[in-house]
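Heads up, the next two complexes both have chain A, just with different partners, chain B and then chain C.
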Partner chain A sequence: MPSARVVKNRTEFEGKIYEELALVQGADIPAWSADAELRHVGRSRLRVDGPQRVSGRARYTTDLMLPGMLHARVVRSPHPHARVIRVDAKRALALAGVRSVVDRTSAPELFDEEVHYVGAPVAVVVGETEEIAADAAHLVEIEYESLPFVVDLEEAIADRTRVQRKESYSRGDARRGFREADIVVDARYTTSTQLHNCLEPHGAVAQWDGERLTLWESTQAMFDVRKGVAKAIRARLDDVRVICDYMGGGFGSKLGHGHYSEIAAVLAKRLGRPIRCVMDRREENLVTGNRSATVQRVRVGATKDGKLTALEHVAWSGTGTEDGWVASTTGPSNGLYEVANVRSEQFLVLTNTGPFSAFRAPGYVEGTFALESAMDELADKLALDPLALRRKNYAKLDPQSGKHYSLKRLDQCYSRGAELAGWSRRKAGGTAGRHAYLRRGMGVSTQVWGGGGGPPAYATIHLNADGTAIVRAGLQDIGSGTKTAIAQIAAEELSLPLERVRLSIGETDAPYGPASGGSMTTASLGPAVRLAAVDVRRQLLEVAAGLMEVRASEIHLTDGHAVAGRGGKKLALDEVFSKLQNYTVIGRGSRHPNPEDVRLRSFGAHFAEVEVDIRTGAVRVLKIVAVHQIGRIVNPLNAKSQVEGGVTQALGYAVSEGRVLDRLSGHVMNANLEDYKIPTVKDVPDIVVEFVPDLDRRANNLGGIGLGEPPIIPTAAAIANAVANACGARVRTLPITPARVLEALRR
Partner chain B sequence: MTDRTLVALDVNGQRYEVAAPPHHTLLEVLREECGLTGTKHGCELGECGACTVLIDGAPVYSCLTLALESQGHEITTVEGLATGNELHPLQTAFAEEGAAQCGYCTPGILLAAKALLDRNPRPDRAQMAEAISGNLCRCTGYTAIYEAIDRAAAAARSK
Partner chain C sequence: MLRLPRFDFATPTTAAEAAALLADPNAMAVAGGTDVYPKMKRRQFVPRTLVSLRRVVDGNISNGDGVRIGAGATLTAIAEHALLREQYRALADAASVISTPQLRNMGTLGGNLCLDTRCNWYDQSLFWRKAEGYCMKTHAEVVCRVAPSSARCLAVASADTVPALIALGATATIANVSGSRQVDIVELYREDGINYLGLARGDIVTEVRLPPARGWRSAYLKLRERGAFDFPIAGVAAAVRREGAEVVAARVAITALGSSPKRVDAASEALIGTRLEDEAIERAAEAVFAAARPMDNTSGTIAERKRAARVLTARTLRSLRE
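== the complex of A and B ==
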């Protein structure tokens, strides 16, 4: 058995670096070399669960119907700030089929006395059907004492009690840097609150069997749900089993347990019947998280020839009522360019709106829009090609740590992207469209992100008596295809066809696995799975060597056979143990720490081509070219899909999405998919995807890092820059609506 | 509790006789009474298209259609696309093109695409876009979906 030890590790998660101790076993192995002949890894493979997803057989949390199941409906505050004086459930309880109504008095663990946003939970009604619970929810009479509130971000920034400084960073002397500058761009950018709108609503179903709670939840982080729910019902970790087979999107909003998980767990235990608590579309838009709206000020100073001398970035992020953390909006400014003098500050701003949560590259999406717009404004002032300006300030070393990168091929992303986009056709001042009122333009923007992953992550592989394998890991598949990537990695090292590798994932009775977030699932778990497969192979070869009367080091596995030397003796795997009736070869693997001496980061560049109707201000995005560098791509088909999906979400963020609040009532005016505009098929442009082929062999034993978030990071700035190029309208506020384009044109 | 009424539905060539409240939608009855949960619940407001099914070959939002109104018509849900274990060419194409990331919007989009291909075996991009413009997808984007419909159409023509 491999020995266990505790190691120090540094992981970058959602734009922040965490130094933690981790338990690992055995020793790591080097990444596959560039010329390794791999049969699964690096090749497009169909989703291992593709047939389930297209046939309607995939069972999501919302599809679960258990015998005796009750439905919980949350009664929510219509006030943005109020004290709950009295809850009267008499009329609700009188409705046939209502089984329970709980509020702060009867379930203090679930509710607060004061509510701080429209949609905050005040009571829960439990009924035999969803409809009964919903009807009864309207009958709960609640008396509130209304309190003062602020929902507008700018208004909140002006109120010092609502603002907290959370992060600051500096290197060099920004003041001196600005004195040395020939040209300074000083601009203010604002971005909207983006709502996740996962197609599958947030929700949980809990069942208590008198001893143990089973909770089905649509989640990106089963183990965090287990921890949160165990605490809520005052139970031990082993008392709670969380299951997530299929989930319908998360994008950061399903990290950690929700209030719905607590409601389902607490009431299932209390009432002794399964409880289903699933949000409706309005609740999705009010209470399940969002990307912070921001106000940002960026100052960039440069010499006449375009060398940056100073960069200052101050960001205010509206976190709603979330008082704990704030996304790293200034991260891109701190780490993207080689500039000696940098100063940044990040403020958290509290408003009486639903709490924010992680949303696909939180902070970096907002911050990159501001930074890369400002870089473009600078290029414009300097009369430099925007791409040339970026190349001129290219950071060969990580500007924050001074370390080398494990891999940085941003220059190739720029060159290849420029080629694919036809950047040489770009003209200062844009080009003419088919009509005099149509202007065309091109813009570029850069992406930097972490996603290197890290420990802890563990996997076991069981090899069965017929030569099939089962990979057991604490993994939930958010929908990105991680499951398929994991199967490919195991099949590669076990020399088995993909269809002989089955996954047993999606529940917490498995070894601990990472959350599906931070672009790090495959990079965290994949290396552990590879080591588990190596462990199985080692044991197989040991036994086979004995049977074949050769040394274990002299044989290798190919196509389900143990083979001695070149063209030597062959032994089918299922013959290795043929004298045994039943057996399991158990392989174990754990994720080892990241290298200390290099920084793991992914890079990319997006190029946008747009057409602007200068009569109406309407922007049509014609084409996005996305070139990314993440090292080894485990499955090119899924990687391409990941980029197309990220770009599409970014397109919404750039031109159509934004929560609208009524300042006087505190209500969200577009809490549905009719008024909140996510892109439809008719909005998507031509999306061209490419990857830099180089491997990131220092990163981990796969040679690649994560791709989940990078594709959403640079798009909005590329589009804004293309709009400015097309018609001279510099829109510094997202989304870039026709009204904002017209306003910018008038300036 | 609400009074229930007998509803007879012809779904995927099979007759379902269930008791449901008369105001319940086709989506509710399919999922809760017929046990056909392949049809997804996304908004129940007619905005997202996840609940799309075919009625006599035409796509409808089952969340905006009463079950009672659907009696006497042929209803097709995602469960009715495959023949036994053999997937419909559209399903195969969606799996092969990676057109289903989380897969939650997929059943609805498959049915909207089937309605299109049944009346127009050679759709162009604009016609495909028109056909699925009532279906929202939040993960995959729509590029792979176009490619999958293209591939399925080509496969059907070459048969």
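== the complex of A and C ==
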């Protein structure tokens, strides 16, 4: 067994860089070369669990029904800020089928005395059915003392006690840079709160067996749920087993355990029966997280010929009641362009609304809208082609660290995207539509993100006597198709057909695996799986060599046979396996650290074409071209789906989605799928997807990094820029509604 | 978790029986239930008895002297009906753009005709309405929250099929304990968000009759925030009958631009005797613009919806030219 050692590693997660120690074993191998003949990796494969998912056989956390299971429903505050004076559960407890009502007096670990947003938990009702619990929840009488509150972001920004400076960055001298500028764009942008609305709601089911807790949870991070719940209930890690088998989507709000997890765990123990606590759609929209609304000020200075001299970006993000962290809205301004003088500040603003959480490229989505809109405003003032302006300020080296990138092909994303979008048709001032009142325009925007992944991540693979393989890893597939990609990587290195590789994942009684967030699952775990497969292959060759009486170095695996180099002696693997009988070949692999000398980042460019009706302000997005660079694509079909999903989510953010708050009551007015306008299939335009084929060979032994978040980052700015190009209406507020277009046209 | 209140469910088999049950002020009729049940869950209304019309009205679509459609016909059946699509396009179009396929499979024509009026204020959760002290539509003693000085409720007529039926000159058959009568569709509605239907307690819409369509062409267009799922925030239906190139009869009707659907006769008059030239269409569109009285109580804005009424009218009429 190779010995373990501790190394330093840098991982970029959700727009921030974390430096930590990592434990690794053995040595890494280089990425497959560009001309390697691969049978699985790099080829489109249908999802290994597709039939289960589409036929309804897949079992999600919310589907789980255990014998004797009870249901918990949370009683929530109708006040945005209040003190809970008294909870009277008499009437609720009198309802047949109600087993328990718990509030702060009986469970101080679960509830606070003060509530800080509409929807904050005050009590929980446990009943024999979910319906009984829901009915009883209405019967719990609660006396509140209401307290002053603010739900509006702009109002909160004006109140200094609600604002905290969380991040600041500078290089060069921004003031000098602006003095050197011939032209300065100074603009204010605002974005709306976006709600996640994962198809599968947040929730958990808890069951105790003596001192051991099994927790089924819809999560992106089983190990973080285990850690968080173990800490909350003061249990040992080996006493908590978290299971996440099939999962119906997560965009950052399922990266840790929830209040529902604690409710299920604590009450299941108290009542001696399994407890299910799953959110309904309204709760999804009130309490499970959101993308911060922002107010941003961007100043860009440039010379007459378009060279940036200074960039300043100040962002205020409404985090609701979350005062621990804030997303890096200024990240794109800090790191995208070659500009000597940069200054940025990131403020967190507290309001009496549900806490924000990570949401697919948190901060970068909001910040890219502001930065890339400002770049277009600058291009307009300079009478430059927006693409030429971006090329002029292209950063060959990472502007923050001065390092080379492991791979940067943004220039190719621009040129290929321009070709696919027909950018040469773009005219300053837009083009005419079929009628005088229809204007057409095109816009471009840039994406930068991390997603390189990193250690720790481990995998083992063992072979069965019939030549099938089982990959075991601490992985959850949140619906993104990771399972299929991992199977492809293992099948590749084992020279096995895909259907002979099975995955044993989705629970924490396994070596640690990464969270499915930060676009890092495949880039973190994939290389470990590959090394485990290499380990299996090495052992298998040794066995075959023994049977064939040649040296292991002289044979290779191909087409289910071990073949000796010269003589061409062949041995069917089936035969090797049958000789092995119940002996198990076990391969192990771990993720090695990222290279120190280069920066791992993904890049991309989106091009939007829109048609604007200047009479009604209606915007029709006709086409989005998305070209991304992430190095090797493990499964092109899956990657294309990932981009289409990201663009669709970005389209909603750009033109139709936004949480509506009632300033007077603090209530969310569209906490449902009818009034919160997610695009329907009829609203999604033609989406053209392409990837730059170059490999990112320095990144890891796959030669590629993550794609989960990049496709949502640049779309909104591309659409805003296209609208401005079409009709001159520069909308600096998302979503770009017809009313805002009409207002901008009047300016 | 939204929960239905408790209620009795009656399943009469004749219109007379249903009408008798509906004479109770605490009873309410239900057909497909796609609007009734969600609203009961949100407590917009809490009837003690729901009277199912499933066995009372039929869903047949039959062709004779014109077309007869049972009030129980699903929106899907209407949207997909070959004859309706060809000769009564406005109706098939309107049915096809309601909500989503699942809801069209359940929702009925009769249900759409009697669809409750909608309002940003009224269509909210009980949680919020209660905190704000309700509004006129559910509590007569309270003001209209959209326009506190308004003497009446301003909730919006939101049925897509109604303007189509008005444009097509349809009549509805209304049954009650004492028999049945025919009513011109447009006569069914009142400019009042609360008493929006000109029906008496116990009246049931059992069928819709469309006159022969010879020489007529029709179409319907709606404005909504997305390409599916959403109620109209403006809707225009138009039908014209031409002899040669000349328009000899026309009807234009609008929805979601006030508390009742309206026939805009000024628009029809602007079209009769013309050849649907651009200028004639423009005049008709202008008449619709003038008749549209949106209030700020749906999604979108007043200006957007009013302008859209003009645009949709022009677009609808242009589609009738070929």
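As a working rule, the second predicted complex is superposed on the first by the 740 of 747 C-alpha atoms of A that agree within 3 Å, B and C clash if a C-alpha of one lies under 4 Å from a C-alpha of the other, contacts with A are read in each partner's own complex, and residues count from 1 in each chain.
In this section, a residue touches a chain if its C-beta (ideal position, glycine included) is under 8 Å from a C-beta of that chain, and two chains touch if they have at least 3 such contacts.
As the structure is a prediction and not an experimental result, all values here were calculated from the model.
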| item | value |
| --- | --- |
| Touching partner for A:212 - first (chain B), second (chain C), both, neither | neither |
| Partner chain in contact with A:551 - chain B first, chain C second, else both or neither | neither |
| Which of chain B and chain C A:667 touches, first, second, both or neither | second |
| Partner chain(s) touched by A:179 [first = chain B, second = chain C, both, neither] | neither |
| First, second, both or neither for A:8, with chain B first and chain C second | neither |
| Chain B versus chain C as contact partner of A:677, first or second or both or neither | second |
| Partner chain(s) touched by A:47 [first = chain B, second = chain C, both, neither] | first |
| Residue contacts on chain A - larger count, chain B or chain C | B |
| Which of chain B and chain C A:616 touches, first, second, both or neither | second |
| Which superposed partner A:55 touches (first chain B, second chain C, both, neither) | first |
| Touching both chain C and chain B, counted on chain A across the two superposed complexes | 131, 280, 674, 679-682 |
| Chain A - residues contacting chain C, complex | 73, 78, 130-131, 134-135, 280, 282, 613, 615-618, 656, 662, 665, 667, 669, 671, 674-675, 677, 679-683, 738-739, 742 |
| Touching residues (chain side chain B, partner chain A) in the complex | 1-2, 21, 31-32, 35-45, 47-48, 50, 77-79, 81-82, 87, 91-92, 94-107, 110, 128-129, 132-133, 135-146 |
| Chain A-touching residues of chain C, taken from the complex the two chains share | 1-3, 100, 120, 124-125, 127-128, 131-132, 223, 225-230, 299-301, 303-304, 307-308, 310-311 |
| Parts of chain A lying in touch with chain B, wherever the complex brings them together | 46-47, 50-60, 62-63, 65, 96-97, 128, 131-132, 196-201, 246-249, 251, 280-281, 478-481, 637-638, 640-642, 644-649, 672-674, 678-682, 684, 687 |
